[in-house]
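Here chain A shows up in two complexes: once beside chain B, once beside chain C.
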Partner chain A sequence: MPLIKRWIEIFGAIDFISVGMLLSVVAMSSSKRIESCLKAYVINSWLLALLMAAFAVYLSIPHLYIAAFFTIAGKCVLIPYFLRKVIGELKVTREVEPYLSTPVSLIISFALVVLVYSFIAGGIFVAGAARNVLKISVSIILISLFTMMNRKKAVTQVMGLLFMENGLFLAGFSLTYGMPTIIELGVLFDMMMGVMILGVFLTQIKKSFVSVDLDKLTSLKG
Partner chain B sequence: MCESDFYFFIHKEVFGTGILLLISLAFFISGAVFFTVAPKKASLHYCYVLYAAGAGLSAFSFAEALYGGGAPMAFTLQISPALSMGFRSGPLQDFFGLLLSVAAFAASVYSAGYMKNTPAPRFQGLFYGLFILSMGAVFISGDALSFLISWEAMSLVSYFLVVSDTENETSQNAGLTYATMTHIGTSFIIGAFMLAFSATGSLEFTGMAAGLAGKSMALKSAIFILAFIGFGMKAGIFPLHIWLPKAHPAAPSNVSALMSGVMIKAGIYGIMLMCLGVLGGPGAHYSTWWGVVILATGAVSSVMGVLYALMEQDLKRLLAYSSVENIGIILLGTGAAVVFYSFGQTALAGLALAAALYHTMNHAIFKSLLFLGSGSVMHGAHSKNLEEMGGLLKRMPYTGLFFLMGSVAICALPPFNGFVSEWLTFQALILGSSTPPAYTRVITLLGGAALALTGALAAAAFVKAFGVAFLGLPRSGKARQAKEAGFPMTAAMGFLAALCLLLGVAPGFLLRLISALPFEGLKEMGTAAPIHSPVIIAGGFTGFWPAAILVSMLLGLAIILALAGTLGRKRKITYADSWDCGIKALTPRMQYTATAFTKPLRVIFKTLYMPRKEVRISFKLKPLFVSGITYHSDITPFLENYLYRPFTAFVGKAAMKIRHLQSGKLPLYLGYIMLTLIGLLLAWA
Partner chain C sequence: MGMSNLQFLIIILLSPLLQGIIRKMKAYAQGRIGPGVLQPYWDLARLFRKDMVISEAASWIFHATPFIVFLSTMAASLMVPVTTPDAPVLAIGDIVALLYTLALGRFFLVLAGLDAGTAFGGEGSSREATVAILVEPMMMLAIFTAAVAGGSTKLSVISKSMHILDSPAHVLAFAAFFVALIADTGRIPVDNPDTHLELTMIHEGMVLEYSGRYLALLEWAHYMKQMLLFTIAIDLFFPYGIAGGALQSALFYAAKVLVLAAAVAATESSRAKLRFFQLPSLLGGAFVLSLLSLITFVMLGR
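And then the complex of A and B:
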């Protein structure tokens, strides 16, 4: 264990992993197919679990192992499985149909990261291993919010929401070095329920509007 | 983590008369529970018996507390370690609690008979109980938080009762107006409380009063204005009364009795609590202009209220407008009291305040009586429209008698209770000419003049209401087939009518209770001796002997009857047709109608009423062969037309503009969130 701790420090594993998460979000926001979005999400979740494990080793917080395990079970296995099923049932076209082109979305994502890095430094001072993680997590939240704005399909909105939740999780445990396990479990469980409910919603929207195109929802306005 | 999220804490005082209050609470709760679970609809009237028992017990407990002079009960609901709701009753609270209990007792007895012809008896019974409970909670709240929660509960429950006739579009609209107005009022009240809280750091009324004692006059005045508008909205003062004549008639009659009799008194209670209790207190400095504002509002409300009452053809709307008038009379007394306090004339202030409190109690009694009476009339004659009634006295003798007693009382004629309170108000206003500055002298005297005008017009309005509804010949088939109300209904009305007479003949009883209230100058009011002796008012300013009035009236009546008997016997009665205009039998169409009766007043006050009339003639063959003429006349509701309608139109337009923000596009909504987040980030950095 001390050896692994030392390696984590030498190689800057925590920064590497969180940057990997940021990159996977950027990948999601610029990918054109729903399947690649889902793959990016799986990668993002694996990296999140890995980061938790790294924190658990580096700071010797044993209960983060449990959180990491449940993250793998929930976010890397169950949610992607369920989403794949929903996408299959909905028979939506595989393209994500963004409003803005890929280069423009990339530029905006870049701008958001710059904004966060330049402004958050003066705000909260986080020392130690997690000094960069907070900035990255806020960037992840903003980029996924932007992605939600940018997509027409309801399925990709759900993807954006899931990414945002990963970002929040990241921010949460980087600031507190692990919330009580019961809270983490609660959040995960909420997430599962949320995804299931959204799945049902998607099928209902599809039924009522014959598509999951969100532009059609304007007709709900009184 | 938090081991005591919700616990209940009762002081030891509860084992005084407060225990009765708890038992009465138990009666109410069990009544409400039975309403929801009772198996058969036929047994539902027993639940009202539970309510009546609860109200009777609490009336006894409040009266006992006022006589005994101690606080019966105080308890605190601890919601969280930092947040608690305090309930504490003092003499002012007991007085209003007594008022509520008396009206609720009569209305509950009445409801046991009345509920048969309501569309949703379970729903109404449950909400009726909750309504009484929430009003009780308002009256015994000890701090701003519990007050606001109870106040909102009262408003919402009464809203549901107003709209309980779900088929009727008018009552739905009335409910909307009511809900809007009452929430605007509540926001003003919250403003007043928040201002007081930020200045004193205390949510409790006693703490607020202590903390505000040394604060600046500007702050106090701001609190006063906010509280006066907020509570005035509920009380129904003149320009803000607009919801009252809509909402009160829309509710079932047992509920409108409580709304008009008690709920608008919650507004009066609030004004007295904030103005005299929190901002005032012993030795405090009042601003004279507060009193002048209250007095002027009272004068305008009373005159305008009765003028609109005169023009109503709908019995319940007439009564509702008359409530605006009576609130005005109460405010005349309250305003005069504040003016006198500001000059340190405590004895006079005590007289004025006693008059206001006396009238508050009186109005609760006779307005409940009249609304219950109108419920019986609707129950019997199936109409609210005066033009469709007539001749009901023969068909509904008890209802007619009690309605007459209520009408005489509300017109302030002896020997009934209205006379006592209006006489006291008159005395206070006339004695206002002893205040130092000239302008308050003029204003109090003008208030007296307004009260005199109001009294005369009120008499006209109730002569019209009683005369057209109960005397003469029936104007419609419904009126011809009217049936007398059942036993519990007449008994409840009889109880209230007896109270009207009792408080008119023996004012010493109620004045003794009023003197227990902790305001300067009131103590002297209670030194008036027992029932049979002349009541000397406030340090020998003036006085009268009600029992003597009753005796002399009875004597006068006896003399008239005797004279009529002896002189009338000699006359021979002849029957002739000469005044029938050539028509043999007298028909209902020859009678004065309600509209015709008030025609002279409509002419006198035509600048205010702006009467409109429209004559439509349809021809078979122009111009000589007329097939029909219709005549339509009404008055211009100028407040609606020139104040409220432009305002709502403006709000509607502004809302349509703002509505563009709500495009229905999800990405745009997400964009709002994102912009907010980035803005927060920038602000944070």
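And then the complex of A and C:
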């Protein structure tokens, strides 16, 4: 264990993993296919779990192992499985249909990161291992919020919501060094329920409007 | 200091070998045996012996370009530390000077493509210019990340100051640089080096009018540029082992070049060539990667 602890410190593993999470969100915000959004989400969740494990080793907080385990079970396995099933049932087209083109949304994502940095750099100071994680997690939240606004289809908006929750989780456990396990479990369970309800909701939208394009919801139906 | 003054010869003499090795790796990846690794040398030797056919419409630019391209690439290779951290001409050996020395050669190559007045030459030139505009800023940004981290724009100082991909910013910058390298050497997602198919060629289109000695010089310069970019990537992102003894650093250098060559060959065999109008989204994505690398460097402070 002390050896792994030293490795984490020498290689700056926490920085690397959190930048990896940021990168997967940027990839999601620019990808054209629903399938690659889902892949980005799985990668993001694995990195989140890895980061939790790294924190658990580095700061010797054993209950973060449990949180990491449930993150893997919930976010890396169950939610993607369920979402794939919903996408398969809805028979939506594979393209995500954003309002803005890929380069423009990439530039906006980058601008959001700069914005977050320029606001947080002077204001909030976090010491210790998590000093950089807060900036990255706020960037993740903002980029996924932007993605939700940018996409027409309900499925991809759900994806943005999931990414946002990952960002919130990251901010939560890096600031508090692990909330009580019961709260983490509760959040995870809420997330699962949320995704399921949204799945049912999507099927209902599809049934009554023939499409999951949310623009169509604004027109009246007689 | 003899070694450090002669290290640019490595790039000049071994660059056709590197091209042969990449071709061999590609051939293996595609299940072919492929030509021997020394084939580019035989090709160059054959071209040097052949006569030239020169268009009547060609001006002095057409005649000067092969020499300008070859000499500018050679001058650029003088500024690069290869097996010792000290480059031969340290006084002007700044990374910005290096890239724009290469850009001089590219500028004349574009002019020469237009000069002979053929449709394919002009097509190749306009495409090359478009790709160059997209590639240059991201390459500079990726390099600036390494330069800011190293505290200098001199390659020697940067290569002495770090080991292997020291921070997340370096990983992002390297990813962007790799895309720039692929685009600059005319490899597959951007350009196909193996065909003369009219509709898709970029580099081949520009040199279509050249034959004999001139073509040999241009091809050789192209190989040198490829090896030069590999060496820059190694100096900026993986300089570990460069400051050791002569033999040790040469071995390290060879291993790193081979790994990069394998990465390039793997990319080329596993990807399809992109349509020209899809290039901006690939290169734009890589540009954002390099922007992100700079901002993460500032954000994480390392």
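Annotations for the structure displayed:
Criterion: the second predicted complex is superposed on the first by the 219 of 222 C-alpha atoms of A that agree within 3 Å, B and C clash if a C-alpha of one lies under 4 Å from a C-alpha of the other, contacts with A are read in each partner's own complex, and residues count from 1 in each chain.
We take it that a residue touches a chain if its C-beta (ideal position, glycine included) is under 8 Å from a C-beta of that chain, and two chains touch if they have at least 3 such contacts.
This one's a predicted model, so the numbers in the text were calculated from it and none came from an experiment.
When both complexes are superposed on chain A, chain B and chain C sit side by side without a clash. Contacts of A:132 after superposition: chain C is touched, whereas chain B is not reached.
Of the two partner chains, neither chain B nor chain C is touched by A:51.
Looking at the shared chain after the overlay, A:205 reaches neither chain B nor chain C.
Of the two partner chains placed by the overlay, neither chain B nor chain C lies in contact with A:90. By the touch criterion defined above, A:218 lies against chain B but remains apart from chain C after alignment on the C-alpha atoms of chain A.
In the superposition on chain A, A:34 makes contact with neither chain B nor chain C.
When both complexes are overlaid on chain A, the residue A:115 reaches chain B alone and has no touch with chain C. In the superposed pair of complexes, A:107 makes contact with chain C only, with no contact to chain B. Of all C-alpha pairs spanning chain B and chain C in the superposed arrangement, the closest lie 16 Å apart.
Across the superposed pair, chain B and chain C both touch chain A at residues 121. By the touch criterion stated above, chain B contacts chain A in their complex at residues 662-667, 670-671, 673-674, 677-678, 681-682, 684-685.
Contact residues on chain C toward chain A in their complex (touch as defined above): 167-169, 171-172, 280-281, 284-285, 288, 291-292, 295-296, 298-302.
On chain A, the positions that touch chain C within their shared complex are 12, 15-16, 19-20, 22-23, 26, 30, 102-103, 106-107, 109-110, 113-114, 117, 121, 132, 135-136. Partner chain B is touched in their complex by these residues of chain A: 99, 115-116, 119-123, 138, 141-142, 145-146, 148-151, 157, 214-215, 217-221.
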